[in-house]
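Have a look at these structures, which come just after this line.
In what comes next, chain A is part of two complexes: it sits with chain B in the first one and with chain C in the second one.
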Partner chain A sequence: MSDSAPKEGQPLPSSQPSQKSMSKAERRELQERQRATKAAQKQQQQNQAASSSKSKGQSTPQKKTDFGRPRSSSSAVPKDAAKDASGALDSEGPKTRGLRIFSHFGLPKTLGHQLKGDIHPAIIRLGLQFSEFKICGANARCIATLTAFKSVIQDYTTPPQNTLSRHLMTYLSPQISHLVAARPMSVTMGNAIRQLKLEISGSDIDLPEQDAKDQLCSQIDHYIQERIIYADSVIEELAMNKIKDGDVILTYARSSLVEKILIRAHAEKKRFSVIVLDSRPLLEGKTLLRTLTSTTPPIPCTYALLPALPSLIKEVSTVLVGAHSLHTNGAVYSRAGTAMVAMLAKEHSVPVMVCCETYKFSESVMLDAFGKNELAPLKFSPSETPKPHSNLEVLDPLYDCTPPTCITAVVTEVGLIPPTSISSIPLALGKTNL
Partner chain B sequence: MDLGVATSEPVAREFLAVVLAGFGNELVPLTSNHGAEPCPKALVPVGNKPMIDYVLSWIDQSGIKNVLLICPAIHRAAISHHVHSDLPTSFRVDVQTYDESPDGSTGTCTILRHFSSRISEDFVLLSCDFIPPPSLSLHTILDKFRTESGTDGSIATACWFEATLPDKNAIIEDWGSLPPPTPIVWEENTGTLLYIDSADDSDRNSEELELRMSLLSKYPRTKLSRKYQDSHVYVCRRSVLDLVKEKRHFDSFREEFFPWLCKIQYQRVKRERYGRMLIPPNDDGTLSVALNHSTLQNKLHEKPQLQPSAAEPSEPPSPTEADSGIEPASLRIGVVLHQAADGFATRVNTVHSLLDMNRRVLSQTTYSLPVDPKSRSLIDQKAQISSDTIVGDSTQVAERATIKKSVIGKHCVIGKMTKIVGSVLLDHCVVEDGAKLDGCILGRGTKIGAKAEVSRCVTQAGYEVDAGETVKNEKLDVSDWTALDDEDDEDEDDEDEDDEDDDQEEEEGKDESESE
Partner chain C sequence: MASDPQMIASQRVVEDLASRLRRRQVVGSRQSALETLLVLRQVVSRARFSNVEQLVELIRSVGRRLVDAQPKEHSVGNTVRKVLHHIREEYRTATEGTAPTPAVTFSIAKFVSQGQPRRHMAAPRSDATSVPLKENDPDDPDSFARTLKPVLMEAIQDVFDELETVYDNISKNAKDHIHSDEIILTLGKSRTVESFLKAAAHHRNYTVIVAETAPSYGGREMAKSLSSAGISTFLVPDSSIYALMSRVNKVILGAHAILANGGMFAISGSLLTATAARAYSTPVVVCAGQFKLTPLWNLYHEYGALDFGDPSAVLGFEEGDLVDKVDVVNPHYDYVQPELLATFITNYGDHPPSSIYRLLKETYDDEDNEL
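Moving on, here comes the complex of A and B:
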């Protein structure tokens, strides 16, 4: 413990001298140091608590060195303190630096091993398949969810003194939250579950239980058939009419619907070629390429990554993309990269057709893809991805938002509509809700 | 909700855990009878906890609530009593027996056939002697099975762990030889087990490993290794049991049936013959529609028709079978490989591994004097108990006894001036004054006479070593029992020896001055 009153301009001793004797600059440095050590402690707690911590506290020691630098004479000690603080942080082992942006998307979660309550085995398996991206894509997830719910409903028994119409929904809620924990719910799943809830609450109290369950299962089947399978075939017809011989069709990533359209058009003896654009992390275009080239005779295809688009766009006659969901203002929420394709196509006056069933409509308004998005899990990143504690962070949003101005038409089962007029669709379908 | 009426299980059972508790013929004489009473292998303790406890708690943690425990008829009472005495509430263990004598060779396949009526869902086949490491959770293996059997048509998942070979000088030939390591071939990327070199294969051709070309053309990038050992944890579909029933000539699940099952993945004839039985065509029809729409999945079945059929609306169009170009279910066997670096796992089915496992458990525990005043009073002040031992309840330790690196069971009596190093004593043992034990495993109720020196031995329960005897490197059996038992002793005369153990050398480091 050296002198208690250090002269100004000299490095501060490690003890705490009285605040009055310090200059303002030195007081501020002391404060920063305390803040840094506090952040370091909080960092330690955070790292112990969560496996992937988003540490905004990193910014504090960073700021500290910035402050330290202009005051070079007395900055020796603060810099050391900063180094000590960051050194202490670094020595805690691998930790993520934390995403400054998109941190509200949440990092991809691994399913916890604590299953709260009884989750049906079909739902457990489905959650695993969602989180491993084995079932991926809006249509696939919706169909898989509904089929899993069919088995859950069949295995369900109404507890005594209760009715199926009231209790089944509370029974299904934890299953649904388990699926949401695996991967955030898609709009298609949400719409389907809402419809299911409506039908459950509307089921007749007097029906014997097995009949009520069978009725629900057949209603689920109807939903899948009408709004997905049959809708797809109607869309195939409508879109096929827009494909002429000699066309070059551009598609992005893999949409189950666009794939069906192309195969159907090819089966109807139309002669066209396809450019498949693809991008990391999922590289879904590869599976589309495999399917398209395994038809007989094979469809002539070109495969390119997204950056190759400007050189290819000049040869394209139509762009066909799929969608995850369609919003009230006409925006299309789709795989990341679709917006770029649509924008560039519009600049080159190439018509952009979005193929989308009506059950993908969402009543919200989407202006950009930052409010709601999802990050791809790290296993899809290339193996040369830098380690978590380096200075480079990998960010893989899965979705983006295409503004309605870039879209020429939306092909739905009720016809080809401009994107902004989706609000008139329910009336056209004769339904009060979507 | 009316709590008065007991409702049936709200959720269908997903898995049934089948635990096989055998005789433990490799652990003789520990598992030989104690007089008339049997010593089941499942109740042989590791770190003073019967080994079956480890397996059952592992199953419990993974969320499986139903266990079918199969044991020989004569062990039933002991095992049943132990298992039911301390169960968490929703965990149900059903103890079933089969009739077998220790000499008879009822294979595990036979047992499964016998009990196949009790198994109605996908099952996990475990052995009672697998000690799982904390880093490996049964959940991991189950999840792999769940994902793959849904999307890929996989039929089973196994778990193999990297076995650490003990040092040459730690192996004692008289205790029995270690089983030879089995080479396996697997694919790293998808975690598929392709080929297990079974005993039959190595008999047929002991110098070469024969692999089929169809294996390599289907999975061109594979790895081969001998350093893994089977953990005897198999998660299987229910239809695998049907196959067990059909193949009557297979006796052992691990040695014969499972290597044969691996061959179905790539051998065309076998696949054609058994594919339908393993995965009935309509079984996964519900999920195939979703999978066909999935963007990251190759199409499982070709769409048979592009026009929507005018079929009744209650079922989605089902793919027709036997279409050319269909990618059929893969019938894969998944495998989870556990590296030694992640934690130590072993099967305690040989005496060596039992001793080894006990030692590892010791390295993680620290000894503290018991809190209970009654037990505390039994342990003398002047006894020197090092911190890496486990002493069971109600054990009496007299003064100036030295206990190092050992596991002492309950209700033992350790006399004065004894020296126990690196040993495992089961319950109710009596070690009289001045005895020296080194690297031994003593069965229940063993009596060591005063000033005897026993090293590297395994004794049967109830064995008695005479005062002043020296025994080394033996498996000590009680050769014949009279009706009055316990006080009888059967001597085995053995030669003297001095050996400086590895343990003892390590002990010297932290040795306090020892008496005598």
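Moving on, here comes the complex of A and C:
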């Protein structure tokens, strides 16, 4: 997650802009802030009581220039002056270590209505759908984003004295930030947008505008078809071969790809049964259950919540899960809870297959679920959940990281590969394709 | 004997508890243990017996009746076994006289030749007793009972006191187990763990992550109670236990029953947590009272305690069209193997799972393992 830290005022010696460049007033402000931080740290060592009631962090990190955050009472010391970037639960009072270490998760941001510049209505609608979780899932979000971009590109007109290949990118940037403000960007969206930018910069200058736009749109279509739709059917084929009659397949939450695989296998007259595991906060398994039972004849399904897993794992022959993204060290970043399913399956020697298209590869290395995660908005907590206050916080992380040791194989459109070989796939595909 | 009004009254009390257990109106280890103890006290106070075997048989039949009513509540059987153990002990002290048996000096040589010193071996001295116990006296059949009953009631009162002070005794050393700035993970709602954590909070500043444990969602109440006691708490769904485990220093769980091999039955979700903790080498600590010690093994059942909860908590009737097409599984307990647990904190000290068998031998008599 990109922490947009305020540029000025960070009491870190390395990032301080030179004193000369700031005006006198700014320098004085900086000194005041440093003094306050020092006093804050001293006070924080003395007491721990957070007497002030919690003020919801309206001071989101986007307010770069606004440093008039109220420093009202001495107890509400913003010791997080050094942690402005967290953007959550500021001006709270000194917090214990526990509450601090999760502060980088950040609260889910409400979609601000400060629309900088013109955002295309398709993008506005998409942002709203993202923040309401109406469109959920890596593939769905990517396809929706690309489709929205197609309409943006069609409606775009190059201003005079500008070329499409150069200006379109700057035109798209605020649209992308609007989407990111709704929900942090998924790896799929990131890869697709990177590919789109590559295409844009590579478009021929001499082409008339409408032709250039049509070409871009067809390239977007091509990307969706090739990397997602066709890849999915190849993966269905490969995974289907691993499902035999009499199998019990276990899956967790809802992966669009696993859903397709199961329906396809059922259509090929394979007899198997499915165990769907589910868990808060999203409880997506019920949607999967509905799809699976609406086939004719319905697939025999069992439904249970995650803690019931140890009782069921003995009967399972294969575990099929989806992924949000795959990382170079073989770790799988997917819905929270997948790691536990994979871990327990490994204990009982049940093969775990992760179904994932190659466009979900990310070049970063992921060690645990902390470096990058997202919290579900509070609307997913039922009414019986206790209300947060100074000592209580409710966290609903949406993702977690499954270590490569728990995974048996990854099913991609280039074949079944062991998780340790993932880093070589981009090389095999030709680096430019990723 | 059945026409005796005392016996009928005892039977009624027993039947009442049995039906309440069967209908699950009495739920929870400590609650069932307390109720069983009340019933046993009444039975013993009203019982008529002329020798100790009759009393033991009476208590045993009561125990069998109660355990059959609700086999999943192991603390019922445990309490009966404990009372029997106390009865036999008191009887032994009474018949062997006021002077205790000579202190057995421990020597390696004797240990090797005779094995562990057992109290049963000491020969009862029937003479020189200040309180003569006349067993099976044909003239005065009640004398035996009369002399023994006050001692028995005292013994039962001891068990009562132990049950009442369970939480206090377990929390006594809480501050030695939790250090400053630690992050503790716990599951669901356990009163033992709750009092343990609150006691430690008086001395230490730390954080607790509470997992909600679907579908009972006891974690919510636990989080509310802990945070109102001033402990900084996080409430998370079970899906993120593995994700957060890398930051957790200790896992503290409650138990439903402690088994003879050192394993335990605990609320569903405990096995997942313990396995995740093992992946990160985080110690798993279990807080449980000694009344949860059960001379039982779980060799064949993977469904812990074979107890299932209401499926509508998992898939309710709101999803009407799914209800008849889908099987729903809602096991209530998990069986956690002893290899995953680091220690049991009980009201009589801390024990590793490997020495649970010793505790069992000291707390109960072997002949009572099958009531």
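Keep this in mind: the second predicted complex is superposed on the first by the 326 of 434 C-alpha atoms of A that agree within 3 Å, B and C clash if a C-alpha of one lies under 4 Å from a C-alpha of the other, contacts with A are read in each partner's own complex, and residues count from 1 in each chain.
We adopt the following convention: a contact is a pair of C-beta atoms (placed from the backbone, for glycine too) under 8 Å apart; a residue touches a chain by one contact, two chains touch by 3 or more.
None of these values were measured; they are calculated from a predicted model.
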When chain B and chain C are modelled together on chain A, clash or fit:
fit
Which partner chains sit in contact with A:Cys136 here, chain B, chain C, both or neither? Use first/second/both/neither.
first
May I ask you to decide whether A:Glu237 touches chain B, chain C, both, or neither, giving the answer as first, second, both or neither?
neither
For A:Glu347 in the superposed arrangement: first (chain B), second (chain C), both or neither?
second
For A:Glu393, select first, second, both or neither according to whether it touches chain B, chain C, the two together, or no partner.
second
For A:Glu199 in the superposed arrangement: first (chain B), second (chain C), both or neither?
neither
Scan A:Pro298 for contacts with chain B and chain C and give back first, second, both or neither.
second
Which of chain B and chain C A:Arg290 touches, first, second, both or neither:
both
Thinking of the overlay built on chain A, is A:Phe370 touched by chain B (first), by chain C (second), by both, or by neither?
second
Chain B and chain C, minimum CA distance [Å, superposed model]:
11
Quick check on my understanding: which residues of chain A belong to both its chain B contact set and its chain C contact set?
290
Would you mind writing out the residues of chain A in touch with chain B in their complex?
111, 113, 115, 118-121, 124-126, 128-129, 132-137, 139-141, 143-144, 147, 150-151, 155-157, 159-162, 218, 221-222, 224-226, 229-230, 233, 236, 253-256, 263-264, 267, 282, 284, 287, 290-291, 294
Counting only contacts in the complex, chain B reaches chain A at residues 1-2, 5, 7-8, 10-12, 14, 62-63, 137, 139, 143, 146-147, 150-151, 286-287, 289-299, 306-308, 313-317, 325
Footprint of chain C on chain A - complex, ascending:
48, 95-99, 101-102, 279-281, 286, 289-290, 293, 298, 300-312, 314, 335-337, 339-340, 343-344, 347, 368-370, 373, 384-386, 389, 391-397, 399-401
Given the complex, residues on chain C that touch chain A span 181, 183, 205-208, 212-215, 217, 220, 223-224, 227-228, 230-244, 246-247, 268-269, 271-272, 275-276, 279, 302-304, 314-315, 319, 321-322, 325-331, 334-335
